[in-house]
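Across the two complexes that follow, chain A remains constant while its partner is chain B and subsequently chain C.
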Partner chain A sequence: MANRKRTKTSSSIRRKDTRTAYAFISPWIIGFVCFTLFPIIFMFRVSLTNRKLNGVSEFSGMQNYVNMFKSGIFWNSIWVTLFFTIVMVIVTTIWAVIMALLLNQKQKLNGIFQFCYFLPSVIPSVALAYAFRTIFGKEAGLFNAFLSIFAGKNVAVNWLYDHATVYMVVFFITLFTYNTGQMMLIFRSGLSDVPMELYEACELDGAGAAKKFFSVTLPMISPLVLFNAVNGCVSALNGSFALLYPLTGESGNPDGMTQVLSLLIYKEAFSNMKVGYSCALSVVLFLIAALFGALLFGLSQKLVYYEN
Partner chain B sequence: MKAKKLAAMLMTTVLACGMLAGCGSSGQESSEPAAEAPAEEAGEASAEAPAEGGGKITICTWNEQNPNDDLNMYLQCEKATGVDLEVTVIPESDYSSKLNQMVATGDDSIDVYIIWESDIANFAEAGGILPLDDYLEGSDIDTGDFIDAVAKLSDGLGATYGLPWCAATEILFYNQDMFDAAGLDYPTNDWAYADFLAAAEKLTQKDGDNTSVYGCALPNVQTWWAGIGGAGDQIYDPATGQLVIGAGAEEFVGDCADMVSKGIMPEPSSDTADLFASGKAAMAWAGSWNIGTYGDTLGFNWDIATLPTNKVKYNTLHTGFYTINANSKDPENAWKVVEYLMSKEGQTINSKASGNMSALKTIAEEGAWKVESATTIENWDAMTDSLAAGIFGYTCLPAGVTGNAVSNFNSAAMGQSTPEEAVKASSDYAAETIGY
Partner chain C sequence: MKSAKTKKRVSQLWLYLLKTIVAVIMFLPIIWIATGGFKTLTEFTTSSRIIPQNFTLENFTYIFRSSNIFLYVRNTVLLMLGTTIGTLFSSSLVAYPLARMEFKGKNLIFSIIIATMMIPNIALIIPQYIMFGKIGWLDSLLPMIIPAFFAYPYNVFLFRQYFRSIPKELDESATIDGCSRVQIFFKVLVPLSKPTYATIAVLSCVFWWNELTQPVFYINSDEWRTLTMALMTSYMYTSGNAFVINWPSIMAAATLMILPPMLLYFFGNRFLVGGIKTTGLKG
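After this line comes the complex of A and B, so read on.
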């Protein structure tokens, strides 16, 4: 009798605890359903219509997808997106690790160095992009003016319109974005947690700096590398718009070389008023982001070292 | 445990209330009887009602209001009509898309939209704007006095949905001092395209391999189309709504590519500097609204002429249309505002403030658009001649299509593709985009 009563009481407590737990997570669930899940489902639905920006809409089945797969501009945009995402993640992650390693050295004025590097990262991407667009101008650009002084003659490189230089400039600018600054801070916190005994043991074995980095540092911060790579991918796929739109325009100048999918989605929805078509493009972007995420987590099973 | 539960309940309630409040306000507004009334009914009722002041009307535009009260047409409108007029400024880059979204959601926060050429048919199709014919019947506005291009643009819509707020053209700006130094005659309104090419070459100043002063600035997003239209292409077919470019575009893009390669024209670049205003280009093809911007601020003598005539005399007209939101709660006062802004007084103030001509011919002839601060201009006939030759062309096409084409033309100008490839790529993209 006493046992049954105790069991009943404990099951009632468990139910209450469960209800409380659900009540606590319900704000997030409501937010997720309203602001993430519903828009995703709505996007899939609209992608099956010829909806225009003025609201006029008719069901068109898979027509948007058929048109999309026949479009050369779409395929160009897919390749640019994949290229941009992969290179941007590699470049920004390596750069953030290097900066974090430098900041991890015990030296004077480290705080000022960290502040100076992180400062551009807190500037909104659009403002940052406009500033760099002015710096890399051909006729009146600051960078060309500097080069002219050093070269002793007029240098007029068309940085953002020349096929040979545009990617170099764009990837250089990504080093100053918020995402890269954030990566650097995360790596820095991870580096300070690497046990010193491991380095001491390496030194006793006669390991050099490179050996220590690849055998100790990198494995120990590999969970952070994964985290930053996933974040970097999502940022490159979705956030690249804010950087590229002011830099190279919605057509991804020159010759569509920088027209990532997010730029094309914007152009189709807001310049051509083709909302249904741009939703179909968004479905593709969604799938690419999911694919990148799955790929990175799949790789992490083999490459990431977890201490526990 | 109780405290935890209470906290959880509170958080959930606050979030739910916030969301309901957000959704509720919009629902409440759209359930107003006036908003639900059919557009035509609202139009008929208001046309018959006597005009009364005292209401509040919101108008949206992409231009900031003129700081001078005498030249602020909205302020003067308030005084003349007694209607409290609130002006909402939406940045030009997002203007069309914001308005389209307002129409899509049945927004009623704006009573009077000033909409662009490419939007008027879409808005009419979506039932987002009122037909104005009933209002016009009892009005002094003489629609027969509009420049022909405006009348043509309204053809096919089945009704008059908008009234043009002004008419701007594209003209040639030239640096008189540079023409004097080169010993060249000033451009005239009957200048041929060949005269322009020859002058551009002579006006170019080189410093070694580099150009220090260009003969002419690169065409901008507007004037690429003027050059192509002048070379004989139709550009916009009102019957199909399609982009129509071919041999004319190839010729003009080829000419520009040739001038870029010789340093007569600058390469397309990310520079935002105005090369003509900064004295680095002797000529520029640009919009007439630049007259007001330049005024007496340029450090040299300058004047204007019509764009040189190639195969045909061509420039693109630019305007916006006063329209009334079909969901306006007060279309009667909205019409009073539109009627004032289209009146002689409203149009004159607009011309003086912006330097743009009225689309009403009799008002335009009075010349209120001659910008007083542009003291070096003598050839004001260039404006009226351009207006007579102007047509609504690329502005009726989706901005994404024309933007894509300009990118292709720029690539060809830099030698990254041939003019033929650029024209084909632009036409292909237009074909897959228009008629969606």
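After this line comes the complex of A and C, so read on.
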């Protein structure tokens, strides 16, 4: 009797729980439907029209996609997006590991060093972009002046507009983004979790610093490196606009060399007023992100424990 | 013995040197911005010295007197407060059953939340732009503030992780005391999670203080411009045929924009640095 009563209450509790749970979750459900699911469906629909910025729209079938695949600007942008994303992730990951390694060597003044290493990542990307536009500017640029001291003559390179140097400078600037600072902090805690005994054992074998890094440190933090690298791909896709738009403009100067897909989407929608075409580009960006996302999801299932 | 000691000292010195070089590289743009604000336009465009030769405050007086900086600050603060309050409230509500209750469809909902974390904002911004245009929200802060009240997947995920680390026994003893699920949330979990709320609030504020992409898409008029947008558009003018960018004014405005995150580093380090670390480790 008592037993039966308990089963009854527990199942009614569970039913009540389900109701309460959905009441709590309802904000997300509404938000997901209105601000994610609907825009996704709407994006596919608009991509099949020749919608203009003023709202005039006519069904045009696959015309946008046909134009897109024929467009050299589009293929350039795809190439730039993949190139930018992958190189940025590699460069920033290496730099974050270097900074974390340096900071993990316990010394005095480490607090000041961490402050200097970390602060650039939490300031607005616009401010950084404008600082670097002038630092790497042709006239009165700090970097040209610095090189002039060593060259013994006046160096006047327009770093951000020169085909040969633009990528170097842009990737250098990505070292100052939020992603780098975040990775540095993560690697710092990852590095301090590496057991000291492993280093001591290595020292007994007479290994040098480089040997220690490659045979102990790197294998120990490799899951973190891998996870952050793929995570960085998603944030690079999303964050490239805020860095590159103030840095090289919507056309991705020089000659579209830095025109990632997000810049092209913006330009097509707001300068060329072709919203339909811009939606077709968004579909492509969405699919690229889905690809990276699936990769990250697969990795996180393997490497990161969501369940305690 | 003595030589081993000297050797160690030398390697320490090398390490200091290396650390200093990296620090100079990383901090140089900030110094460049901060000193640039005190240069005249002529000096900024003709000389590459870091220290201002003709120290001037004209850029700061220009910013405060002749540009709508107070308006931009107001907009940015409104945006920050609106989105942060919205996401703290809604995301923690949504996270609660995901962390604490058993119900049908829980796994499916959680998987969708994880999946939407991977969609970059920028991929959906054009359809959202059209949508917000139809409801007449464009050129206001609403397209950014209203969605915050319907839970950001990322923050839901963080809240869930934190809620799970609070012992379940507390819920159970509250149930025995006659608390309902709703009461447990407000009387047990929320008071215990104050540091979590502070962390997510700090991260949200930093994000929206720095955010450029969404305002650039949604906002057109000067009236709703945020500081980041103003930095890009408000300090340039045409004089005759020439297009002049008022670099030192931009640098002065940027200096002011760097101050809040910097102060946060000093006074809210636990939430800022600690928060960023955990989001990366678990997200």
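Going forward, the second predicted complex is superposed on the first by the 256 of 308 C-alpha atoms of A that agree within 3 Å, B and C clash if a C-alpha of one lies under 4 Å from a C-alpha of the other, contacts with A are read in each partner's own complex, and residues count from 1 in each chain.
The rule we apply is simple: contacts are C-beta pairs under 8 Å (C-beta built on N, C-alpha and C of every residue); 3 or more make two chains touch, one makes a residue touch a chain.
The model shown is predicted, which means the values in this text are computed figures rather than measured ones.
Of the two partner chains, chain B and chain C are each touched by A:F24.
In the superposition on chain A, contact of A:N50 is made with chain B only, not with chain C.
In the superposition on chain A, contact is made by A:C34 with both chain B and chain C.
Legend: residue contacts after superposition of the two complexes on their common chain; A:S251 is shown touching chain B, with no touch to chain C. Taking chain A as the reference, the larger set of touched residues comes from C, when chain B and chain C are compared. By the touch criterion stated above, A:T134 is placed in contact with chain B and with chain C alike. Legend: residue contacts after superposition of the two complexes on their common chain; A:N154 is shown touching chain B, with no touch to chain C. Of the two partner chains placed by the overlay, only chain C lies in contact with A:L296; chain B stays clear of it. On chain A, the surface touched by chain B in one complex and the surface touched by chain C in the other have residues 20, 24, 27, 30-31, 34, 55, 134, 139-141, 269 in common. Residues 1, 4-5, 7-9, 11-12, 15-16, 19, 94, 97, 100-101, 103-105, 122-123, 125-126, 128, 207-208, 210, 266-273, 275, 280, 398-401, 403-404, 406-408, 410-411, 414, 416-417, 428-429, 432-433, 436 of chain B are the ones that touch chain A when the two sit in their complex.
Within the complex formed with chain B, the chain A residues making contact are 16, 19-20, 23-24, 26-27, 30-31, 34, 50, 52-56, 67, 70-73, 133-134, 136-141, 153-154, 156, 158-163, 247-256, 267-274, 276-277.
Residues 12, 15-16, 18-19, 22-24, 26-30, 32-33, 36, 44-48, 50, 90, 93-94, 96-98, 101-104, 106, 109, 112-116, 118-131, 133, 147, 149-151, 153, 156, 164, 180-182, 185, 206, 209-213, 216-217, 227-228, 231-232, 247, 250-251, 254, 257-258, 261-262, 264-265, 272-273, 276-277, 279-283 of chain C touch chain A in their complex. Interface of chain A with chain C (complex): residues 14, 17-18, 20-22, 24-25, 27-28, 30-32, 34-36, 38-40, 42-43, 46, 51, 55, 98-99, 102-103, 105, 107, 109, 112-113, 115-120, 122-128, 130-132, 134-135, 139-142, 144-145, 175-176, 178, 181-183, 185-186, 188-189, 228, 231, 234, 237-238, 241-242, 245-246, 262, 265-266, 269, 275, 278-279, 282, 285-286, 289-290, 292-293, 296-297, 304, 308.
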